[in-house]
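Quick one: the structure is below, questions incoming.
Going by the order they are written in, the chains are A, B, C and D; count residues from 1 in each one.
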Amino acid sequence: MYNLLKGKKGIIFGALDDKSIAWKTAERAHEEGAKFVLTNAPVALRLGTINELAEKTGSQVIPADATSIMDLEHLVDESMKILGGKIDFVLHSIGMSINVRRGNHYTHQDYNFTKKGWDVSALSFHRLMSVLYQRDAMNEWGSIVALTYMAAQRVFPDYNDMADNKAYLESVARSFGYFFGRDKKVRVNTISQSPTPTTAGSGVKGFDGFMNYAEKMSPLGNATALECADYTISMFSDLTKKVTLQNLFHDGGFSNMGISTEVMDMFMNQSQDKTEEGLPKEKSKKKK
Amino acid sequence: MYNLLKGKKGIIFGALDDKSIAWKTAERAHEEGAKFVLTNAPVALRLGTINELAEKTGSQVIPADATSIMDLEHLVDESMKILGGKIDFVLHSIGMSINVRRGNHYTHQDYNFTKKGWDVSALSFHRLMSVLYQRDAMNEWGSIVALTYMAAQRVFPDYNDMADNKAYLESVARSFGYFFGRDKKVRVNTISQSPTPTTAGSGVKGFDGFMNYAEKMSPLGNATALECADYTISMFSDLTKKVTLQNLFHDGGFSNMGISTEVMDMFMNQSQDKTEEGLPKEKSKKKK
Amino acid sequence: MYNLLKGKKGIIFGALDDKSIAWKTAERAHEEGAKFVLTNAPVALRLGTINELAEKTGSQVIPADATSIMDLEHLVDESMKILGGKIDFVLHSIGMSINVRRGNHYTHQDYNFTKKGWDVSALSFHRLMSVLYQRDAMNEWGSIVALTYMAAQRVFPDYNDMADNKAYLESVARSFGYFFGRDKKVRVNTISQSPTPTTAGSGVKGFDGFMNYAEKMSPLGNATALECADYTISMFSDLTKKVTLQNLFHDGGFSNMGISTEVMDMFMNQSQDKTEEGLPKEKSKKKK
Amino acid sequence: MYNLLKGKKGIIFGALDDKSIAWKTAERAHEEGAKFVLTNAPVALRLGTINELAEKTGSQVIPADATSIMDLEHLVDESMKILGGKIDFVLHSIGMSINVRRGNHYTHQDYNFTKKGWDVSALSFHRLMSVLYQRDAMNEWGSIVALTYMAAQRVFPDYNDMADNKAYLESVARSFGYFFGRDKKVRVNTISQSPTPTTAGSGVKGFDGFMNYAEKMSPLGNATALECADYTISMFSDLTKKVTLQNLFHDGGFSNMGISTEVMDMFMNQSQDKTEEGLPKEKSKKKK
């Protein structure tokens, strides 16, 4: 729409299906004139519909297990060949917790699953940047973005060990971002997105309740996957060259809310109910 | 109980009545062996019951309008005379918003009231420290604490212009705390306390609803005025000499919560109600 | 260059001369297809060269004292007339401290100057948003940005009372941003920019030393006024619709640095000098 | 000195030798009337002098590898037997990075070492709390503290992968702290301490330079190991019952400094030198 990424080359991880933020980002990057390679873990390639996206955007798909340095080296080397030069932007949108899938409680984890989840969700970002850095694969003023979630700062009980993984991921963004900035003029940031009804996200226990709460709490409402893609495009563009080491909240304002009037109303009624023996309140009907 | 403040001399602002955090702090400081002067604005002295506290703790009361440098100079000079030397600890517990009292909406303030509230609630802290600093009235390793509220960081709509005043107050703690630390070895911190049913606090619109929400959100529940007094004592003691420029949350964990299971339950039921056409849920009965 | 603001209407405060961030933002907004009104305080209009900018960008200049509600009402009403409709973006770039100008030390301020500085630099942002809100002058999904500085979070001794003003300003962004978001679907953010050698900034005591330090500390170096303008454009564009209540650091990474290798080298040499009696080190010659 | 921990029972990890923060904490806890068990990894027990501390404080030493659930279970069970009941306080002071020891650059880690370091330094805290929680081994209003470092928030290049481990550790404190608070009324916090010349700390490359920098930057100077022990005692005492999920900076103010006048002076001279061709400045002589 704006040619914001005209001539830019990228690698996009994590486009499972058309609900994925990575999928929307790929579509938007394509519209903005970028060329890119799509990648995901082999198992995710089978489960999802990435070939459809590849066709739509004229991209190639290169499978890569983000826990394998060799896979990542192959991915980066091939991407430079396919795209004809160094990389301008990278999206890391990878995360999974076996403890969540299996319904293990946070306080009683299977630590083999914990390690696996950390390796895939968090250490993978270090591994990816390490390969990009060692191979000198990024152009100056390139931009690396990883998606994260506010559970890295505050407690969301059902987010389980993914909270700790995201905290590690965000720390890697800062730690590696320093060297990537100093040595290669590349910026590294994380985008902390609203709860989003992707195929992965929806699986989390209590997801609907939390979406509902976040919607009521956020002055602009929850941010959608497409809106996140738009924001990511802005972080890949030349308009944001000096933004680095940041964790950027893209959440309709949720992160800086203490309480909203809508949520407050629920608790006032409840507290009045208690005090005044549960008489129904007119006020609750006025809520939009 | 522990003689933590044995031999220490202090000034305590803001003990209106026995619900006040400052009142509880004075009682606890007395128990811990401190001597101190009590002070408040002349109007608050008349409205409240501070003389009862003075008697109980063997303290003198010196009226001071915190917007008047001359009053503060008089207070500090008299306090040093009465206590027989320099000051070891100071509690600033002062705040008021005429916009809140009058029910003015945040978006449509009377700016004369806004200025007055800022002058009393926020600039007063600078004025107080300026007098203490110019007069070299603090002992080395002394401790200055101001009470604040998390509306300085996040939105609590009914807290109105007090949110902005508290942000200014916390900034003054850092800015002045640097010079007080470097030049006089005095530490300056703010304590950000749970919503507390003091005479002042309870007046805020929707206070009960908010207390209720914060209680459900905080893993340890809301902190009481007495618990805040205990924490303040620890900040006045020699155990915390190197803590400075900090904003310290004393809130049962509220500040780092995204959502609690109890609050989540309310929104899950609601979202299930929507989905499943409002059939009553068993689950909601199980909530304590 | 990208037509990012095509069809959008704005108001830009604070373009004193061609070093101003607001000046660069106006030039970039013009390039991106926006129409806007320029404004500044009457005295700043006389001192600066804003008419040159107005001519270059085909804009009109409307004087407004940001401490006067009437001036702001006139500005907003006239702007809507001139631009033919509601406003899409607003830049608040206003700040001044008489204490700084007069060389008053932070610990010993003239409180009349403190009040004036707060009124102009911080409360002006509330006043501006109040007028925009009351007059329903913003289009849905409009964007309001104020420029700020990291002294609101951390101590920069020479920044003086502007630190506290910026803390208040950032709080106003959150507090008002909530209502503007909830009621009008307008986002409100602050951009916290690197030290920038504008005509205003350069006047601060020790500015060169600080620029030098920040440059050595930031992995991408200090952000320029033009780069800040680019970033501000991204915040006015439709790519960032769900970003609100945020304080966004645009500083080459400075805000998340503890220490850089370059700054570390200076202190290692110094500490080795002490230990080893000041023998010159080879290492210091290697610094770039 | 104050009987602050009279009757309290604890477990203290990580007292290698008399420079250790854990060592000082044990001594101070002993003075305050606590009984406790000392523990460390078998290899650390051999390298250090913990038996001296055990004798001095009348404590028993139980070896435990913090990566082994069985060792931790044994430790907790034995501790309750020895101490005669449930635990009131726990100190986690465990950290090591093989990448640091081997001099691997952050950008080019050996990921087996990375995993080992994370397992020992960060996941160990989850494991420890999981055992305490499953065995219901903590008394109500007990207190769990882990030591951390500000590299979790900001970049300190030589801190290497320990930065990311500390970020994970702090996240575990919040995530687990929620359940420990809600279910057992136990608080969990981390203390983020100044750089401290312990046997472990001093090994980090450039440690002296960094100590020097932090000392000059902090208004109260760096906090010592003994001061950290005092602060930790306050967090174990009943004065801080409602503080939980917090990361508490104990650093003489470093964490909220942007720049100090002393550091600024170094950069002003340097920048003047550049401008004015290196003429020596009188000012630099005045620095203390």
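The criterion applied here is as follows: a contact is a pair of C-beta atoms (placed from the backbone, for glycine too) under 8 Å apart; a residue touches a chain by one contact, two chains touch by 3 or more.
Predicted model, so just to flag it, every value in this text is computed and none were measured.
Colleague: Contact counts by the stated rule: is the higher one at A-C or A-B?
Modeller: Spelling it out, more C-beta pairs touch across A-C than across the other pair.
Colleague: Which chain maximises the distance between its CA centroid and that of chain D?
Modeller: C
Colleague: Distance between chain A and chain D based on Cα centroids, please, to the nearest Å.
Modeller: 31
Colleague: At what distance in angstrom does the C-alpha mean of chain C lie from that of chain A?
Modeller: 29
Colleague: Centre to centre, by mean C-alpha position, how many angstrom separate chain A and chain B?
Modeller: Each chain reduced to its C-alpha mean, chain A and chain B end up 38 Å apart.
Colleague: For chain B, jot down the residues that touch at least 2 other chains.
Modeller: Expected reply: 151, 154-155, 157, 174, 177-179, 219, 245, 253, 256-257, 260-261.
Colleague: State the interface residues of chain B toward chain A in the complex, per the touch definition above.
Modeller: It comes out as residues 150-151, 153-158, 206, 208-213, 216, 219, 253, 256-261, 263-272, 275.
Colleague: With touch defined as at the start, can you tell me which chain B residues reach chain D in the complex?
Modeller: 2-4, 174, 177-182, 185, 187, 194, 218-221, 223-224, 227, 230-231, 233-234, 237-246, 248-253, 255-257, 260-261
Colleague: Spell out the residues on chain D that touch chain A in their complex, using ranges where they run on.
Modeller: Per the stated touch rule, the residues are 69, 106-109, 111, 114-115, 118-119, 123, 126-127, 129-130, 133-134, 151-152, 154-155, 157, 161, 163-164, 166-168, 170-172, 174-179, 245.
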